[in-house]
Every structure is written in C-alpha cells, then in structure tokens.
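Let me give you the structure first, and then I'll get to my questions.
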C-alpha cells in the first residue's frame, strides 16, 4: 500500500477506474471439478484474477509424524506464479505467500468437519495464475468450492471479499490499482449460513464507524458471492441431468 | 466447539426447505424440526443442514435421507473390499484399499494353518501389485484397518477387469435388493464382485462383455442423480449386446 | 503443526479455565479486559540505535532497531525504508523448533510491520537523503526470549518503545555526498499505535491471553489502534470464528483498553 493519491481512483460521478460503483463486486466465474487428479478442484475468475485450486484428501499424510490422533490436519499452500504479476515474481515462496497460506487455511478450517478423519491430511493447493487485487479472498471462495467438490463434509461454504477505502469512501472488492493506491484494505471471509466470520484482516486506516459499516458491506457482498458458489456447484449435476434427459 | 448464531428467525415447528431429489450443497438448510435423518447431515438447534453435495430424499414427511454424490471410503468392520498389495513387511502386507487409511493384512489372516512367518517368502503368496478381495476385520481410528482373506469368496484375484468409482455410488450400482447389479450380471452373463471401497471386479468369458459391464457401471456413476436410471441402463445393456 | 506434548493441555486445566470464565474470572485472577504486568526497559543494547526489552506477564521479547543508509526501493524513491523481522527462536520455548522462519514468525513480522506502517509511527518521507539514491533504512528485529502467550502485543510494544527511544547520527548532503554528523537525533515520529490482542474462549472475549489461555482459545483477533482511536490494523488468527456482534464488541474493547495503556505506559514522542 503506497497510500499516496498518485492515481485518481474515483471520477466525478463517483465511479471507479473500472466503471464500478462503490458497492459493486467484479464479475465472477467459477468452474468446478476441472482437474482429473485432484479429489476436488475449482477455477475462479474475479475481474482479472485467475486462480486455480486443487484439494487432495482426506488422505494419508507424508511425513507420517505430522498427523494428529483425533482429527485431520489441514495444509494450505498459496502460491503466485511468476507470470501472474506485472513485474515477474521469483518462483519461490515469499513471506507474503507464507502468511496468506496461513490465514487462508485458518479461514477454511473452521468449515471442515476435521474430527471425522483422524490421522489424515487435507491438502489445499492454490495457484494464482493472474493477480489483480483480492487474490486471498478469491482463493478462499474457490477453495471452499473445491473442498465441497471433493466430497469433504463441511459446515458451510466459505465466501470472501475485501472491502477498502478509496478517496475516503468505503468500496467493495478492491482491484489491484485500488489496493495499491487506496487508504485501507480489509479482507473478510464468512460462512454465510451460520453467520460466522473466519477471516478478518486490515491495513490502512479505518475509524471505528468505518470498520462497522465496512464489515456490514462485506457481509452483504459475501451473500451475493455465496449464491454464485452454490450455483456453480449445482450446475455440474444439473448439466448432466439435462444431457441425460434430453438424450432420451 | 464454535458458538453459532442463527441468522433466520423461523418459528415454525416442522418445515422442510428442499424438495425430494433436489441437489443440495454443504451448509444448505434442509429442514427444521424433529425429523429422522440419515446420511451426512448435521443439526444445530433443530435445524438440519447438509454436510456435502448430495441428493436429498424426503420420506412420508418424516425422514430425510441425504445421499452424497462424492466422498472417500471410510473403512467399516465387515465390509468386503478390493485391495491392492503395495508393500510387504515381515509379518504381513500393506494393502491400499482406496481410503485415507492404508490397511494391514497379517500372514495369520491369509493361511489357514499356523505358520512361522519368518520362514516364509511372503512375496510368493502375495506380491506387490496383486489384487485381493478381502474383508475388514477391525477398524478403530487410532490404528490402521485390519484385513482378512480367510473366508470363502475372499482371496487373490487372478482374472477379470477392475473398475473404480466414487465409493458413495456403490449402493446405486447394487440397487434395491441387488436389482441393478443383477440386471448387469444377467444381461451380460458376467460375475461381479463389489467392493464397498468403490472397486468392482467384473469377470466374464469375453473381455468385450467385461468392458460393457464397466461402461454400464461408469454410466451409473455419472447419472446416479438423474431419475429413470434403471431404464436407461436396461436400454444401454440391450443396445451393446445387440451391437449398435 | 506441532504435536509436541507441551501443546497438549490437561483436560482438567481446560475445564478450570472454562468454568472460571463463565463467572467472568480468569485463572490468574485478572479481569477480562486486564493486561498482565508490563515492564519496558529501553536502551540496553549499545550497538543498536534503539532497543527495548518488554516483559508482558511471562512473555519476554527484545527488539533492536538499526538505522543505516541504503538505496530506496525502486517504486518508492522518495521514502525511507522500514523492515520488520520477527523470530520465535527455540530458546524462548520448547514449542519453537530451530530452522528458517515458519508461518508464525512470518505472520508476526508482517502484522507488526503493517500496524506500524499504517499508523505511520515512523514518518518515512522524512528519511530521504538523496531521492532515488540514498535514504535511511530502519530495521526492526524482534526476538522472542520467553514465550508465555500474546507474543504479538509484546512484540509491538517492544518495537514501538525501541523506535521511540532510538537515536542515530544526523546526516547532511553536501555536494551530492552524504556527511554523517555527530548530532544524535531521534526518528521522526508520526502516530503511535497500540496493539490489543483479544482471545475468544467459548463466548467470552479476553484481553492479553496467557499461554494456557491460548492453548484453549477458539480464535484470536488483534486490533491496532492509533492516537486518534482509528484502526490501523486487524489480524484474526487461529482457525476459529467470530460473529459480527463479537467483532464489534472486540473492536470497542480494544479502543477502550488502548486508551488505558496510553495513560499508563511510557510511550511519548521523543523531544526533537
């Protein structure tokens, strides 16, 4: 976050650099079960973000000594491809990716019935193919669909979005430019059916009031994203039904 | 456990939110009230939620059944499974049973007479890559599942074609009182051994018949959630027999 | 994930903590919004520009600040540099393993860095010597010495107090050359943030969790509050959940508690 108003983020009509209103999320496309090897998989496009997630498990863990006797361990690997950002990123794991792997795991784990699979591992692999602001929340949204696709029992899907501040105004789903030049960024993840928040971070500056209002905005957007996740999961089976019944 | 707050404020005593044969997703509320239920469902303050993607069925407005569309095989005592030998130890074999848990087959559960395991070359009995039909003798979560092949109809597999489907669809392949699997067996004249772990062995006198049986099974897996499956399978089997 | 025996809390201990909390009491007799005893000692490390050792209950953290001339980052040619590095070294606890920084070290580094940076405790734009060429770089290195819970707040306090008491030799630019003078100056200070970490156990929110409370907690959240009572950082940690209402309550508690800490702790801007 550079924090300087070098770039005009809102025009005279209060529209953002990509033409959106303050409370509009970017277009989302989710594809389910596109990978053959993974137990569950999902691909998401959120604006210009392109992220693929594969889930393996529950499965035997390697090394064996990391398992826990009464539940599954959840491991998460968030990684950005070197070509995903403007200036090529080195292929190794940066500190940012290490932190995001942790917070994403902590955002998804509460949804999983880990006690049903003692001594096993559930592995979540996230690869960001193209990044444009909000990769961690898009990753969580896609990963939870991949977990469902794998048949792993969940309390609920987890949907996520970031709310931020641009030119003093609260805005939902910041793109890359807004993230870099805005005054604050607050990613939120939630299990919508249960009203339970599993991820909350912030940087920049928010007043107590802005925090409350922003959180409410995020929750509203999350409910919209949840609908899209549901639809994507059901679509696969509805399409097969259509195919079969039309062929008769 | 996590503290849970309900977003909805429904006060009705018994309501169902879904229709029979509907595809539901994790976290989807199914019903509210004192219902009998079966399948991957959890209850919070009398509200029933689905844990997985599945098909929900409602019986007599009293019982809610959820059939998952995908899931791993969790070993259960008494289950017949088809396993693959993946390692040979000193006192037995490690067997892959298509589950998050690897199984153990001790020598004592292979040979009927007491033997000195140290004097045996176990690979001569069962080698890496061999397939077996086995039964799960015991499974507690703290230890790996234990197998036996000592009973009748169990043992090493020497011929046939193996097909693997998602374990949760096995009941659909069997059908009500075996109706579906018998349809395949009788129409194609093949023998079928069904492993609860998603592995099915088809043995016929003609590899073509085995292949057709495999296609039928895969078709059941894919279309399990679409009504009218039995008729479609009947039609498919008759078509392949006649030659399309 | 560590499956060391030290991480297993005896069931009866867990039950004691929970039953006391139901009566709004804690095992060490504190109130739900009370911090443990805080001791701050600055200036111990002569070779560092600034240093501070903080004892927060049983947690001890040392932070050293080193200030040196460096090239600015290419995308911020007119700003100084702030780099925070934290390590949970094995000497602090049997639960820390030797080796390269793990996810907990990285999270701690980045949470402290963001909280300090968003509040702008160090006015980085006043640390430029030759734009695009030479700026002051402030390295903030945090080492855990004894782990007794709530490493985040202890690390933040140590970092803040080390920054506030740091001194370095003023430099001037003469004929495009940097000349280091003998004059010792403090860092240019903006807004001083206070980090407040709150743990959720059952449905209770408690401030400054001790080690045992951390073993039992469902989730934790850290709020960074600046002098104007604005929020300049949030980090939820641990695989648990919060409801919207709990988050608002936690935010209010954090602001209230930060006010109290500002009154009692020696955190004042250096005289220039």
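Per-chain numbering from 1; labels A, B and C assigned in written order.
Throughout what follows, a contact is a pair of C-beta atoms (placed from the backbone, for glycine too) under 8 Å apart; a residue touches a chain by one contact, two chains touch by 3 or more.
Everything quoted here is computed from the prediction, not taken from an experiment.
Asker: If I average the CA coordinates per chain, which chain comes out farthest from subunit A?
Answerer: B
Asker: Taking every chain's C-alpha mean, which one sits closest to the mean of all protein C-alpha atoms?
Answerer: The most central chain, going by mean C-alpha position, is A.
Asker: Report the inter-chain centroid distance for subunit A and subunit C in whole angstrom, where each centroid is the mean of the CA atoms.
Answerer: 27
Asker: Could you tell me the distance, in whole angstrom, between the mean C-alpha positions of subunit A and subunit B?
Answerer: Each chain's C-alpha centroid was found; their separation is 32 Å.
Asker: Rounded to a whole Å, what is the gap between the Cα centroids of subunit B and subunit C?
Answerer: One centre to the other, that is 52 Å.
Asker: Using the touch definition from the top, which residues of subunit B touch two or more other chains?
Answerer: Residues 2, 5.
Asker: Touching two or more other chains, which residues of subunit C qualify?
Answerer: 240-241, 243, in rising order.
Asker: What are the residue numbers in subunit A that touch two or more other chains?
Answerer: 110, 191, 194-196
Asker: Can you list the subunit C residues touching subunit A in their complex?
Answerer: For subunit C paired with subunit A, touching residues are 1, 3, 75-76, 101-104, 106-107, 109-110, 114-115, 117-119, 221, 226, 229-244, 247-248, 251-252, 255.
Asker: Spell out the residues on subunit B that touch subunit A in their complex, using ranges where they run on.
Answerer: Going by the criterion above, the answer is residues 2, 4-7, 23, 25-29, 40, 42, 44, 49, 51-53, 68-72, 74, 100-102, 141-142, 166, 168, 222-223, 225-226, 228, 232.
Asker: What residues of subunit A sit close enough to touch subunit C in their complex?
Answerer: Residues of subunit A touching subunit C: 1-2, 65-68, 73-74, 95-96, 98-99, 101-103, 105-106, 109-110, 184, 186, 191, 194-208, 211-212, 215-216, 219.
Asker: Which residues of subunit A touch subunit B in their complex?
Answerer: Touching subunit B: residues 39-40, 57-60, 69-70, 110-111, 113, 117-120, 148-157, 191-196, 230, 233-234, 237-238, 240-241, 244-245, 248 of subunit A.
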